[in-house]
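For reference, the structures are reproduced in the following blocks.
Next come two complexes, and both contain chain A; in the first it sits with chain B, in the second with chain C.
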Partner chain A sequence: MKLELGFIQIRDIQFSKECKVESGTLYVNADEVKDFIFQDDDVKACVKAAHFDIAKPGESVRITPVKDVIEPRVKVEGPGGEFPGVIAKVDTVGSGKTHVLRGMAIVTAGKIVGFQEGIIDMSGPGADYTPFSKLLNLVLVCEPVEGVHQHEYEHAVRIAGLRAATFVGELGRSLTPDETQEFETYGIKEGIEKLPDLPRVAYVHMLQSQGLLHDTYVYGVDAKKIISTLINPTETMDGAIISGNCVSACDKNTTYHHQNNPVVADLFAQHGKTLNYVCNIITNENVYLADKQRSSDWASKLAGMLDLDGVIISEEGFGNPDTDLIMNCKKTEQKGVKTVLVTDEYAGQDGKSQSLADADPLADAVVTGGNANEVIILPPMDKVIGTLDYVDKIAGGHAGSLRPDGSIEAEIQVITGATNEIGFNCLSAR
Partner chain B sequence: MSYRVVHYINQFFANIGGEEMAHVPPELREGHVGPGLAFNQAWKGEAEIVQTIVCGDSYFAEHEKDAKAQVLEWVKEAKPDLFIAGPAFNAGRYGYACANVCQVVQDELGIPVLTGMYEENPGADLKEKVLIVATTNSAAGMRKAAPTMAKLAMKLMKGEALGASCEEGYMPNGIRRNFFEKERGSKRAVDMLLSKLAEKPFTTEYPMPSFDRVAPNKAVKDLSKATIALCTSGGIVPKGNPDHIESSSASHYGEYCIKGVEKLTSETYETAHGGYDPVYANENPNRVLPVDVLRELEKEGKIGKLHDYYYATVGNGTAVASAKKFAAEYAQKLLQANVNAVIMTST
Partner chain C sequence: MILTNNPLVKTCMEGRYAVQFFEDLTLREVLVKARDMVYNGHTLYTHPLAGSVKPNETPYKSVVVSQKPNEFSPEQAQIIAGSIEVCDKFSPQSRTLTRKVLEDFQLIDYTLLSGALGYDAAAGLSNATNKK
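On to the complex of A and B.
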């Protein structure tokens, strides 16, 4: 399957009377985008009000509570459309041509539940920890209809963000990309014939599925309900997997992370040179033991059936999913397939505790995204998009996290994407 | 004024002699001796070795108590800003002496200490107790070890925060520290996998710990006479979370009276836990802390009594060391209250 991505570099975002992309500037008529968002019945029923704001790298701006971050894209050739099974029809994506508005993102913010959302600082020390401080962010701040059920509201805000991204992505349809790149994996037999001497490698992509507010969707299917299965890496790159998370912001994959999964990118970079990138295996992280057993059995079984030599296994979240990570590792290694794990750590604020909730001697090759418990002071910002009302309550905050001068003392856990476990960042620990 | 340092070396590095002179007792010399020169040069006047303690390796091994006492006396007198020992490279008894003498100076006098040696040196067993720079296995590595040790020593004297072990050159000491790598995590993972597949050496970024396993107690013989307590890491607290237990990485636990409470309701209790969907626990907190069921069992006479207090914290992202500390504390309270068994619910 071959996918071509055409990157259109966005260098500025401005509010305007009309919506267009011209000479690298995205012009946005906020009312037009809102109209499109509110055409969805669920959004209409659950979202009382929405407004847009713009946050640029280097500005003294804090966005919180952040729910999701999404890259606007549009399918210009080939089957399917953006966010299949959710926004577009369910046709298989991952082939043809997709235009990407690079350098920007749609960020959804506002109250989801009482706690559990992240912080993006556009400057200062916090900005070093989140990749989204480097993007031009079009922020969609939503307010709930009074009395709305939390689960329904999470769904509505998720859809609102995806619709905003779809609308903005569409503005790139007829533009000529600044740069194009092609990505292709082979069929099983074809791969063996073309790359007979290279090790066969796959990516075991663990999807957060602990429960509502900790969910991931694949072609619109709740990942809790999947059995571990195969997916082409280009499908992942093309919007097949979206985030339904808004809990413990540091190590949950936003939709942007899925669209730009760096394990996929770095395996593609070696594909045909040092390894044969066969496919991705997606598996979930359900809370029941039977589900954990079944899913890890299946993930490792698929690795065995594909005669793989090695896999990279990435976790999403921490604590409970550490068990899934270790089960996947152990069973895959026992099939004779070598593993490297990507995780993060909860070693305590003093760094002295064991970092994972589970361990096994077979897990001898681990990459870490850092200790999420490390404390950081985030200085006050001139402008807050969203509200600081929940800073004391979000995961990683504590009573008194928000200090009278507007600065925040909290664990880096509060920062969106800080200890990402698909290896998005350079942050690590020893 | 420059920082003042006392340096500890063995008879070999003091040019007294090799194995045949290893019996010499501790001796105090003014200024730097032997390898101390390299440290002084690296510090460029910002710090200086004021005294050097020389001790034979055999003497230290055979008279450890006396040797330590003598060193402590001299170091106490000198009141240095730092005590540095070695580096010992792969010399086993020298490494043992360096690490142990550092530990006693650190623990008894509260002075920052630093030593260096090869990672397989038996002295490196103390790497989680004292800061040890990893060196090569022979003295030829001095040129590399001296600047690393000197730089780290300066940070210790200035009281600056240390970076991660791999950045600063010390052996992993069980304290995890964050830092920014040059490559992103995914690239490091791909590189590590390629090394592993090619059976080339690679270094894991997180060596797996060995886990503390707790053997279960014997079963309670007669439940109908037992007092049962409920405890939870699921964050069930009185509405409003009066003790402000954090939604993740809890710093404390709560003790709450449930005397006369027949069941928990959404009006009076809720969860403080930020790691799971709170909706169902908030709707009916008994789902996490089953007070309702225990009261039924109490009425039916299946259990003697539900204990009047329950203990709750949030397990989400909470350090194991913190959890252990909480439980050790409230376990004593449970014992004092003659509780026979505990139902601990997690989420």
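On to the complex of A and C.
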């Protein structure tokens, strides 16, 4: 399957009377975007009010609590549309041509579950810990209708964010991209014939799926309800997987992460050179022990059936998913397939504790995204988009986290994407 | 059988499942209860570290075990004992949680448990609201 991505570089965002992209500037009429968002019945029923704000790199701005980050895109050629099974019809994506508004994102913010949404600082020390401080962010702040249950509201805000991204992405349809890249994987037989001497490698992509508010969706299906299966890497690049969860901010895979998965990008960069990138295996992270066993049995079985030489396995979340990670690793290694794990660590504020909740001698190749317990002091910002009401409560914060002068003392797990477990960040011991 | 210290689980699930509600137990004490049952041969059905909420953040925990003892499983004993070790690794945070935050933590624990059991969490919440 072959996908062409056309990147349209966005260099500025401004509110305006009309919506358009011109010479790298995105002009937004907030009311038009809002009208489009509120055409959805669930949004209408659950969201009392929504307003847009703009946050630019280097500004003294703090966005919190952040729910999701989404890159606006539009399908210009080939089957399907953006976010299939959720916004567009459920047609298979991952082929044809998609335009990407690069350098910007839609950020959804506002309270859902008080303690599990994150912080994006656009400048200062906190900005170094999140990749989203480097983007031009169009922030959608939502407020719930009184009495709406959190899971209903989460759904509504998720849809609102995706609709905003779809609307903005559409503005890039008729533009000529600044840069174009092609991504292609081969069929099983074709790949072996074309790249006979290269090791066959796949990516085992673990999706957070522990329950309401801890979900990921694949073509609109709650990943909790899938058995481990195969997917073309270009499908995940083309919006097939979206985030619907409220896990700790630092290692939550936002929709932006799924669209721009660095494991996929790096495997493509080596495809045909040092390895043959066969496919992605998606699997879930469940609470029920029998489900864990079934899913990890299945993922490792697929790796064996495909005669792979190696897999990269990434997880999402902490604690119980560590068990899935180790089960996937152990069973896949036992099939004779080498594994490399990507995770992050909760090693205590001093970094001295065991990093994962589970371990095995076969897990002997591990890449870490950093220690989420590391403490950071975030200085006050001139402007807050959203509210600071929850800073004392979010995971990694504590009572007294928010100091009287507006600065925050907390663990880096409060920062969106800080220790991302697909490696979408740059924490390093070097 | 659900071992829990989460009042929302009791409200929404009692009657549908066998719920043992321990109002005064801490999260760790619920895990110890589950561990002792697993040591006595009860089957552990749910992972005790469910959710990405750290053990020192949420006060609530629900664990599902079989009502009757079966065969002792060393793997399960390892999972539950390991979870208590993880729990001890996180130093307790001294903070007063507001009612709203406590309710959020109850909700997360309840929805995770519902997901594991295939229970309609939304319907359970509506029933609970009606009961009120």
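Keep in mind that, in the parts below, the second predicted complex is superposed on the first by the 427 of 430 C-alpha atoms of A that agree within 3 Å, B and C clash if a C-alpha of one lies under 4 Å from a C-alpha of the other, contacts with A are read in each partner's own complex, and residues count from 1 in each chain.
Throughout what follows, a contact is a pair of C-beta atoms (placed from the backbone, for glycine too) under 8 Å apart; a residue touches a chain by one contact, two chains touch by 3 or more.
Just so it is clear, the structure is predicted and the values come from calculations on it, not from any experiment.
Colleague: In the superposed model built on chain A, check whether chain B and chain C fit or clash.
Modeller: By the criteria stated at the top, chain C and chain B clash after superposition.
Colleague: I'd like to know which partner A:T323 touches here: chain B for first, chain C for second, both or neither.
Modeller: In the superposition, A:T323 contacts chain C only.
Colleague: Return first, second, both or neither, reflecting whether A:D360 touches chain B, chain C, both chains, or no partner chain.
Modeller: In the superposition, A:D360 contacts chain B only.
Colleague: Have a look at where A:S174 lands relative to chain B and chain C in the superposition and call it first, second, both or neither.
Modeller: Touch status of A:S174: no partner.
Colleague: Is A:K224 contacted by the first partner chain B, the second partner chain C, both or neither?
Modeller: The answer is second: A:K224 touches chain C but not chain B.
Colleague: What's your read, chain B or chain C touching more residues of chain A?
Modeller: B
Colleague: Is A:S428 touching anything from chain B or chain C once the two structures are fitted on A? First, second, both or neither.
Modeller: Only chain B is touched by A:S428; chain C is not.
Colleague: For A:N286, select first, second, both or neither according to whether it touches chain B, chain C, the two together, or no partner.
Modeller: The second partner, chain C, only.
Colleague: In the superposed arrangement, which partner chain does A:H214 touch: chain B (first), chain C (second), both, or neither?
Modeller: both
Colleague: With both complexes overlaid on chain A, does A:Q150 touch chain B (first), chain C (second), both or neither?
Modeller: both
Colleague: Given the touch rule stated above, what does A:S60 touch, chain B (first), chain C (second), both, or neither?
Modeller: neither
Colleague: Of the stretches 20-28, 128-136 or 236-244, which one in chain B hits chain C?
Modeller: 236-244
Colleague: Residues on chain A in contact with chain B in one complex and with chain C in the other?
Modeller: 113-116, 150-151, 210-214, 247-248, 287, 318-320, 346, 348, 353-354, 392-393, 395, 398-399
Colleague: Please name which positions on chain A make contact with chain B in the complex.
Modeller: That would be residues 113-116, 128, 150-151, 199, 201, 210-214, 247-248, 261-263, 265-267, 269-270, 274-275, 287, 309-312, 314, 318-320, 338, 340, 342-343, 345-356, 359-361, 363-374, 392-399, 411-413, 420-430 of chain A.
Colleague: Spell out the residues on chain A that touch chain C in their complex, using ranges where they run on.
Modeller: 113-116, 149-152, 208, 210-214, 224, 247-248, 251, 286-292, 317-323, 346, 348, 353-354, 357-358, 392-393, 395, 398-400
Colleague: Would you pull the chain B residues touching chain A in the complex into a rising list?
Modeller: 164-167, 172, 174-190, 192-194, 196-197, 202, 204-206, 208-211, 244, 246-249, 251, 274-279, 315-322
Colleague: Given the complex with chain A, which residues does chain C contribute to the contact?
Modeller: Residues 44-55, 57, 76, 79, 82-83, 86, 89-91, 93-98, 100-101, 104-105, 107-108, 111-117, 121-122, 125 of chain C touch chain A in their complex.
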